[in-house]
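Order as written gives the chain letters A, B and C; numbering starts at 1 within each chain.
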């Protein structure tokens, strides 16, 4: 037995016991029956999966995919110009990158709480607007889809900026000059040269935003206040309050499946294929 | 075009930083509400003297340190082993852990623990949180250490073995010292992600093992208290300091 | 002749130094021009100002008689062949060549691009991506991509520097032929004096941001106006204030009558293939190189010799 085997052993044991085995258990639970006091019992059944076709749950799944898609699109629209700016910032590149990533490194919970603090009825925005006599009663800024979307975009924007910046930074600066030289205006250069060449970075950024948004739990929980239920909240609820573990397990597997599909789809996109 | 881009970038930076700046600012507010009533440290005093917060902090630090050390050791050894020769199964499993939604990781571990408790007379506690944190931190550590190893010259190790060192000796006396800064950075990163985690922790923590994020979450759910602002401000500053140190270490 | 490009006292200042200092130049339509100088002399900056990538701090640039100072690259009827070619990696050779034509909404873009591809003898590679092309082929695609737009002036920024030495020499003749065939004015930037001498109709030698001399290769080589130009274009022996090129310096065992001469000792002989260079240490101090025929068997190491030359071959500067 060589030395390398011993180096890998602890990681192999830990991932097998505490990453793969739990997922295996979830897989098994998803085809079992709910026990009377929580837990699971025989017999084997596909009932948990068929229950997911219920319009109520399909709507939650659909809403999650929709919110994640919207967040991804918004992150792309907001993040691309930012990444472009940083890539062109010359010697200040690293400073800008650090500044963009800095909030990302502070606690996720704190960042979400910050929006709670700003958006709630007695929060910063409503207080200021009331003091300025713009409004009389507080605007309902919190506990809706918009607040959740804002929280998701705020939390995951750096996930889009980073890979796109990396792709843009690798681009040879003379390519944009060559395009301009051949008669392309800046927007045309963007469309015909910069966008196609940074497409792999954009695809990576989309995956990195879409997947955590799809499975997000804390943001809809705090900023959606139970009104905006996403699939993550559904799973949490099944494992805690509702104590329907088979159904929670089935939902978990479907969530992972959709995430994997998204990952495959974006990795297979023609833009990325060209660079692979 | 480039001017419009600069203006936009400045606005984006404000969007990213303003919420945190406002939060920190109002932690020094004298009043309870979102109206400035003069500078005061009363919420910091309240935070420091809150027993729940203190207990949460102690628990969180304990978990973060133990999980951080464990995942750094396991992750570094794994990164080194995979650097010697690729291990598709292990790296596949680690990538899977990165793309698995936190909530799924949490419930799957909960399911595992509950299943194991049928045979063992144990219950959820701090140690289950440590196990869970190590499980999701190994991937982060491995990524940081692997990226350092990618630029590490293999011939150094061959030279050490040529001079009579065993494989383990070459790793401990030659490779490990030169990748030490990256290992330390990875450890700090693991510390931060462990300290920060709420979703997984809340599912696998025992009733008597509340962590700081769990206490903050409970306070935030109850309604906004300036005490949370004060604690948040402290966390922002502490995280910032740790990350700056980690960045410095990684560049070395 | 009409001037295609006129630089009127252009300067480019970066914080703390003048990269280009008061450069004036007039290029006539249809010629092959070179801008020669050591690295950092300001030649590339000058070219980039003509291309529109940098704006001069002062001075004026005229293209075909009209001022283009302040116009952006896409507004100027000039085109650049970049040092690294800057081919778009996601587009085929043909698509690269079509790029500018499509920007101009040319109706016969495809046809023109195919003809340009034929001109550079790359019809077979029309669907290849840049990564699949050799260095020489990339160079030709870059050339075709610019030429197809029929610019008033083609700028070439050390386009041969990235090629291997053998190909570099072959490309000289090809570039010159291409210029003659298309009739487009070429402005070629290089630090290689052999390239400049062999291709130019007229060349400008730059040093420290200024043009030191502008003339035909013969003029510049044979009658350099400054010591820098003389030294940059080829080796030179200094005998007091007089400079003499190695090929005009003779070597003999006895002092010739009526010609200027110096005593020296042969230090080494270097066989260069087409000739031999005899390196001699002068009695008065300093060194001199003398070019002799390759079948010359005399003048071996350690021998005492006389170096002499014809006064007409002397180069003198203030």
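Definition applied: a residue touches a chain if its C-beta (ideal position, glycine included) is under 8 Å from a C-beta of that chain, and two chains touch if they have at least 3 such contacts.
Just so we're clear, the structure is a prediction, and the values are computed from it rather than from any experiment.
When every chain is reduced to the mean of its C-alpha atoms, the one closest to the centre of the whole protein set is A.
Seen from the C-alpha centroid of chain C, the farthest chain centroid is that of B. Averaged C-alpha coordinates put the centre of chain A at 18 Å from the centre of chain B. Per-chain CA centroids place chain A at a distance of 55 Å from chain C. Look at where the CA atoms of chain B average out and do the same for chain C: the two points lie 59 Å apart.
Residues of chain B found to touch two or more other chains are absent. Contacts from chain A toward chain C in the complex involve residues 172, 174-175, 177-185, 188, 192-193, 196-197, 274. Within the complex, the chain C residues that touch chain A are 51-53, 72-74, 78-80, 82-84, 86-90, 99-100, 103-104, 145-146, 149.
Residues 1-2, 5-6, 8-9, 12-13, 15-17, 19-20, 22-23, 26, 33-35, 73-75, 77-78, 80-82, 84-85, 87, 90, 93-94, 96-97, 99-112, 114-115, 131-132, 134-135, 138, 142, 166-168, 171, 192, 195-196, 198-199, 203, 213, 216-217, 220-221, 224, 228-229, 232, 235-236, 239-240, 243, 247 of chain B are the ones touching chain A in the complex. Residue ranges on chain A touching chain B, taken from their complex, read 2-5, 7-8, 10-12, 14-16, 18-23, 25-26, 29, 39, 78, 81-82, 84-86, 88, 96, 98-100, 102-103, 105-111, 113-118, 120, 122-124, 127, 131, 154, 157-158, 186-187, 211-212, 214-218, 222, 232, 235-236, 239-240, 245, 248-249, 252, 255-256, 259-260, 263.
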